[in-house]
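Two complexes follow with chain A in common, the first pairing it with chain B and the second with chain C.
Coming up: the complex of A and B.
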């Protein structure tokens, strides 16, 4: 493997040029707006420099949005990964796994707005859940699950779980099934096979799944508006950026908020990947010469 | 259940405290495999394998790929549930125990080393699962690594070892738990030819030194012949023959076994007559006398001859000479030099292609006279 790679490295591969159009597109569509926003965030209506950043962190109404967003996105990510791991493990060789996978892909394709609408319909004050609870006298008052923290939280689980499940499933099926068998012949019960074999080999997958799920949840916007209380408990950072851009028409401030958002996400991702470094990161098959 | 049976005393483990059989008990008498079978859907991968293994015996399961030999091994290990039959370790029935409760050591074809654990922790894994204290684990792992000459690599990850070293780790990991039975699934098939010979001798040496009961799956008859006390030949899930290597080599029970034991010349001929154990055959321009291996009733019979049993001498046939039985004239069609001798494809005058082995130097196109002793022509009923 490695010797083949080193031979390739020595010769100039002209086919690499085929990547050029793609690279150009990425530069134009991603890097340019990012750099533009980065530069823009240091300008202001009056004055320039770090004024926007200073304003963000000195105004609690703005700076609080970081904590608010973390308070929603972090637990949602933990719940998503926490649910996805055992369910993916239990269904990894189940005959209905394909059906389950197909069902779980649906929320991903629907998009957050449709999920929000569905949740409003089911969980709202007049929704099916509350009607059921009231009719069966399980509850005397409607349970408030929309237009608050829980509405956003549930929508993040509905949209984020399938993603985490599919990702972890692919990592799990990449682990050589002979390894747990070998552990079994050495006296490991199914539980200890999971603890000593699956879990350590799954750490890289868990880290990646956590990072991607977290970034997705941290940038929550539509469901925070539709299912949450966008003026109060679910005033997430993307709402602050939206208001700066399209209500105050303060593009430099909006850019600064976007940069802060990216900074927080980057910080968490780096932290998770650093933790991953403490664990094993090699191949997940029984090694062969 | 007989409480006096040594293994059951440990295996019962008085409740659930003990995670697995402690593994120190080698002193069982017999591993009895009684008519075990395994179906996958409608197809029978293994049909009614019946085998009693003495303690300390080395058994090879031999057969072509897809013959059911790996299925048999996985069934014995407990990795595959049986469709039928029972397995007994003396008086203790073990076929319903999970693999971790059977405590058989297993060496997998791709070694199945845990990639995230060092060599030391790979080898110590089974001992750790048995709740053995750390200092004893260390002592026993050191002893096992010394046995396979890997002390210097104890703290490496398996990915950094060569194929042969990984193979040794896999063997050390299986023997360190001192299992009653060691199962090996084609352990040498991923190694190159030279290393395969070395590791074969290594396995033989370890078996001689430790005397552990071993069941060894292979498709290579040389491995089976050189290692095993007894060989079980499987084909299509069915047992073809069970016996010591010498017996299988000299007297294969049927054509499948003969093919597997290196009888490369297989021809269907007319059966002229049977006299005692001798069969007289003719056809394809050949006239042969052989030994009937089974009761021949039909007008046709199939003969099997090993290349080594055909003697070659250069010869011109005199015109109109009537050649005697068991003598065939032909021409060297293809000559493969094998170091010690030559493997020659001989095209007989009648158009039949025969394989023969000779130390004599032969060149393609040479005119040859082949002679084969009647004792080495085995006659079977056509399948």
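Coming up: the complex of A and C.
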């Protein structure tokens, strides 16, 4: 690097400067708005300081949104990761794996708005699911799965499970197959290979996949409005932030809610990463031997 | 030993049952939208009473889909073009050079992909409103660039790393400047990476709801935002009409997804977090 760099001294600066437009763009459109929002959140229509935050935490209608959102997003994340881990493990070298990933990428690509509209029809009182349950006598009355908690929860599974699966699959395929093969040579069953080899090596990936899935689920918006009960049981924190900004035009309050949203997400991520530190850290490839 | 074999079979079987159950339901929700968009009347039966194409015509005029589609195409192609123009050189610099704050810059490029759009979208929309850019197509494009540029950088960087640096050295020996190096050596060699990044940004931008929703005005809605508003106002229009628009949206997205899948691995559509 150093000899090549010294020969090309004249052009080094120009080449390195190619990163500048991208950096400027992210600074101006991502970091600056965030800092602007942070500063703005401490101003208010009347008075200043922590007023917006005090108002948020002293108004149950606002502060409850944190618990409401956690109550939807946390179980959804646990279900998504809990399903994705064994399925990614079982299909990691399967011949149908590429087809499966291609199918699972469809709900991610279609996005939450379309999933919400589809689930409204599919899970609704006249939908195919209820029709199936009634015809097979699995249920005697139509099951209410839309315009309540379950609609939002299921939409988070439909979009979140494929996301978690694809993430975990890329981590699993990154584990050197030599390690479990060594364990197998010593007589470890697939189950023991999983517990003693894969799982410890997968903890970092699992932690990151959990964090990303959770953060996505915590910022749920379109399905909470369309498929949930946005006035009550699924009034998530994004709805509160959106209403403050675009219905009350109270940008300082909206910024404060956005900061609280980011704060809760950061808190959970830090918590997960702290738990992850209790486990094995090290290379996921075998040493030469 | 036989027991172990049996439990393994049961386990593998139950895994595929869960996968099948998930796919059947996803297929069901998509098919429900498609069937309803062609339905004349659909109440209390497995399938509609009859089929018609009329909802596509009415959706087209009711939701002014011609102007929505024009906006969508403008936004998506502007975002793809700008993010490639800005992102590919940045990826090249990051792959080839060491400079101060490089780690900080990498973190800066990763953050917009990890923080959910709803979280940074509200402060971003506030700033764009102050600048009178929100509500315009320029504001929508700027907002969509925030995740697009870092995405291009992270997708293209490994492609640059695969190129033999001696090719660039040879071009330099023959007197090519950075610009000519890019046009005659790097861009041709990087075509697979640029194509992959461009297609992925395209698919992600068509489906990007939150940022467009927060920054768009009535004349700068993309297809997915128009779809949201029509579902939100369900009851004003016929459900079939809304679903006809949903099918148009779905077709737009899936065609590009199919093209993209020929060039990229599906898992690349998800955030890249390989260290």
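The criterion applied here is as follows: the second predicted complex is superposed on the first by the 269 of 289 C-alpha atoms of A that agree within 3 Å, B and C clash if a C-alpha of one lies under 4 Å from a C-alpha of the other, contacts with A are read in each partner's own complex, and residues count from 1 in each chain.
The definition used in the following text is that a contact is a pair of C-beta atoms (placed from the backbone, for glycine too) under 8 Å apart; a residue touches a chain by one contact, two chains touch by 3 or more.
These numbers come from a predicted model, not from an experiment.
*Asks:* Once the structures are superposed on A, label A:215 by its partner contacts, choosing first (chain B), second (chain C), both or neither.
*Replies:* It touches chain C, and chain B stays clear.
*Asks:* Name the contact category of A:92: first (chain B only), second (chain C only), both, or neither.
*Replies:* Touch partners of A:92: none, neither chain B nor chain C.
*Asks:* Which partner chains sit in contact with A:200 here, chain B, chain C, both or neither? Use first/second/both/neither.
*Replies:* Touch status of A:200: first partner only.
*Asks:* Once the structures are superposed on A, label A:182 by its partner contacts, choosing first (chain B), second (chain C), both or neither.
*Replies:* In the superposition, A:182 contacts chain B only.
*Asks:* Counting residues of chain A touched by each partner, does chain B or chain C come out ahead?
*Replies:* Counted on chain A, the partner with more touching residues turns out to be C.
*Asks:* Touch check for A:192: first (chain B), second (chain C), both, or neither?
*Replies:* First partner only, chain B.
*Asks:* In the overlaid three-chain picture, which partner chain does A:144 touch, first (chain B) or second (chain C), both, or neither?
*Replies:* In the superposed model, A:144 contacts neither chain B nor chain C.
*Asks:* Can you list the residues of chain A that meet both chain B and chain C?
*Replies:* 189
*Asks:* Residues of chain C touching chain A in their complex?
*Replies:* 4, 8, 11-12, 15, 18-19, 22-23, 25-26, 28-30, 32-33, 36, 42-44, 46, 86-87, 89-90, 92-94, 96-99, 105, 108-109, 111-112, 114-120, 122-127, 129, 142-143, 145-146, 149-150, 153, 165, 169, 172, 177-178, 203, 207-210, 213-214, 224, 227-228, 231-232, 234, 239, 242-243, 246, 249-250, 253-254, 257, 261, 265-267, 269-271, 273-274
*Asks:* Residues of chain A touching chain C in their complex?
*Replies:* Within the complex, chain A contacts chain C at residues 1, 4-5, 8, 11-12, 14-19, 21-23, 25-27, 29-34, 36-38, 40, 83, 86-87, 90-91, 98, 100-123, 126-129, 131, 158, 161, 163, 166-167, 169-170, 174, 189-190, 208, 212, 215-216, 218-219, 221-222, 225-226, 238, 241-242, 245, 251, 254-255, 257-258, 261-262, 265.
*Asks:* Under the touch definition given earlier, write down the residues of chain A that touch chain B in their complex.
*Replies:* 176, 178-179, 181-189, 192, 196-197, 200-201, 280, 282-289
*Asks:* What does chain B use to touch chain A in their complex?
*Replies:* Against chain A, the touching part of chain B is residues 19-21, 77-79, 98-100, 102-106, 108, 110-116, 125-126, 129-130, 157-159, 161-164, 166, 173-174, 177, 183, 190-191.
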